[in-house]
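Chain naming follows the written order as A, B, C, D, E and F, and within any one chain the residues start at number 1.
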């Protein structure tokens, strides 16, 4: 992450480009991201009681996240297309909202942190859409990579 | 936001559905959302110096956000398709990261808070993708609606 | 549906084109389509017991159908883009499989039978995907428009 | 297809997820699906005479099917993205309608039955769209996998 | 097209944005674009004889163009979503290649020149894809708006 | 490119299909395409001065091109999906307009000329969209493959 590799990656005119990953190895890789949606007590109660007006909010958010993971290269302009091998999304309701954790797996030339982050973000957006008639103050936050494995940099767990 | 309208909206079996908005008026509507990406000092310096390895990070994030606003109904399962009339995205670099503000406008039967939130979220994801070789600890957060106008509920500004 | 209007619609060389609907009125329209997935007794039992290996099959099928309704003009080449106002999908498990009914609403210049049919078809496809580890003999069938309202031809119910 | 593998695949809370296929072998795989569109005699005549008002109905249906096969993971929520190697779609007009057969090929870790089924379904939808001004009673049915090869379960032909 | 309106449209920092069209009138609008694909004599002969290896090249190009017109706002980042009312694509084979003409219609707040240009461009790309096994020297060119009607600027025909 | 291979590729009824590439080798491949947008002197000046009303025209065109390269199989009906490894887009402003050059890389079973051509075409379309308020006479042209490497046919440079 020093000065040299960055300068070699930067194009002469500073313009955006999609980095060539042809020379990278195909290895099994996974990434886990987390985030949360802060909600009112009324919204948490509606989630727990299954009385969210638009229907099964957690189920919809989970599917939205999985589908968004597949669409990451369409959303993030310089992201490489990656063939995703598996996705799991956990949505845990607590007293202050919903904690979202997503793990994405592949065997490819480039990491899939962006897929995991996109999965969490869009699951959060879908949850806000489902609950917004009950709570217009919902906040999505803390979206970050918490662990990754595989690739040149090997296993990594975010110190928290 | 009382009990009665919610119960009438909920289907008998609690299953998800897209609410019928045919009876709502077409009015000029806008929504503004905010969020931010927390970054290391090194990453902030790279943004300010224009030395981000993958190129023009702020420009790419802005375009990603505008395009994502248009794709909101594709990402958020129960969102109605809305013909967007205008989008503006501001990315302000400060010492701790980048503050993102997006305003989306339309004249339609339903609000566009979700479009504004999706715009901010995906701009944030694209920014993290651009900068992740420099800062693997980036966190996206504080994504929320801060103001809206038009529609039955009229103008609203989030008290902060 | 006589000879004359068809001949005026046909291009001289018989090539495909998207019919101009500018002159049609904007009216409230709805369409209801039905279809079913024939399944084995084992698969029906798994749906009823909630033991489908890949998870909540009916919930996933419902969301897939709603999202596909929105993507109809992307899938059906000569279909006009229509702003959908509401979608409801019912999945009823019986001893021989699952009956799927979808109602789609809009206020536009052209009907939305194709959106209702696409919704039912893709809900059926998603259901087959969820259950295929249990039943590789699933058959999707009987996909048809059963009722429509609005537009020049007015209300119509399929005689069955 | 016994109880044990299903239980190990099912998540503790029964929620939907995309199964991890990393451990599966990359092998050449193909799947063939069939289905048909039942049509009136008038519609069959229009297809045979090339007088369908919107143009070349069979050609449009074929292209729609091929493109839909590529978009399967976008439509079917828990489907893995698969790099398709080839697609063939046959549309055979008979006195009662059109028989649709699609064969899809790949070399990947997971089967492509869903791609073949999606191809047939969307070819059927596009055909209905082309012909609906002539026949509003069209029915799409009999959509099923008729053969597959490759993968752990090897070659398989549906007994009919 | 003077200096004043441009300066008011330009944001202070020169960053890209989607112009707000809320104040523009909804009027019937159409745009016609043209372009051509230059081909070898062998390729022209294959088109005329119907012996292009991958199949019906002109039919595929026409469908590709119509579908691309619908996807314009997804491809052109700052383009407004517009509900297209009709599309016609003409492909005329001459001794030097294929002349492509597309007319797109709508009734909306903003013009659809970009939809017509996108239709011609992608029809050209699809044609090159169909014929590239026969002619690897194909060139797509002359893509331009030749006429438009409706909107504030009224009818306009390109002087040629 | 003789008669024999073409005849074996053609289906009996001449209908379109996606050629099976399963038997082709996975090799590193690249393709470079070029094209240009002819512009008025006023438009060239606006690009050079950074006073294009809608913002950073060259940056937006570059991103549009990169994203379109990834979406090629969605736009070009019979194109195989290919996992792109890298994309670079150069936009060079000269006195008559903008010269666009794109290089796309992969390691797959089939070439990526179509991805490079699509990248150039859509970059051109996005540029026209950005500048059309200044110059309604813009023409996109000269879109062609100029070099490719890898695959059965090996390295190739277009003689010009």
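Note that in this section a contact is a pair of C-beta atoms (placed from the backbone, for glycine too) under 8 Å apart; a residue touches a chain by one contact, two chains touch by 3 or more.
Remember, predicted model here, so these are calculated numbers, not experimental data.
When the partners of subunit B are compared with those of subunit F, the chains appearing in both lists are A, E. For subunit A, the chain whose average C-alpha position is most distant is E. Taking the options A-D, A-C or B-E in turn, the interface that duplicates B-F in more than half of its contact pairs by residue number is A-C.
Where the sister copies subunit A and subunit F meet, the same residue numbers recur on both sides for under half of the interface positions.
Taking the mean of the C-alpha atoms as each chain's centre, subunit C and subunit F sit 36 Å apart.
For the pair subunit B and subunit C, the distance between mean C-alpha positions equals 30 Å. Centroid to centroid, with C-alpha atoms defining each point, subunit A and subunit B lie 16 Å apart.
For subunit F, the set of residues touching two or more other chains reads 11, 15-17, 19, 56, 59-60, 63-64, 67, 71, 74, 77-78, 83. Taken chain by chain, the contacts fit none of the simple shapes, being neither an open path, a ring, a star, nor a full set of pairwise contacts.
Every pair of chains meeting the touch criterion is listed here: A-B, A-C, A-D, A-F, B-C, B-E, B-F, C-D, C-E, D-E, D-F, E-F. Taken together, the subunit F residues at the contact with subunit D in this complex read 11, 15-22, 73-74, 77-78, 80-83, 108-109. For subunit C in complex with subunit B, the residues that touch the partner chain are 28, 58-59, 62-63, 66-67, 70-71, 83-89, 105-107. Across the interface of their complex, subunit D is touched by residues 1, 5-7, 9-11, 14-17, 19, 35, 46, 50-56, 59-60, 63-64, 67-68, 71, 74-79, 113-114, 117-118, 121-122, 124-126, 128-130, 132-134, 136-145, 156, 158 of subunit C.
Only residues 56, 59-60, 63-64, 67 of subunit F touch subunit B when the two sit together in their complex.
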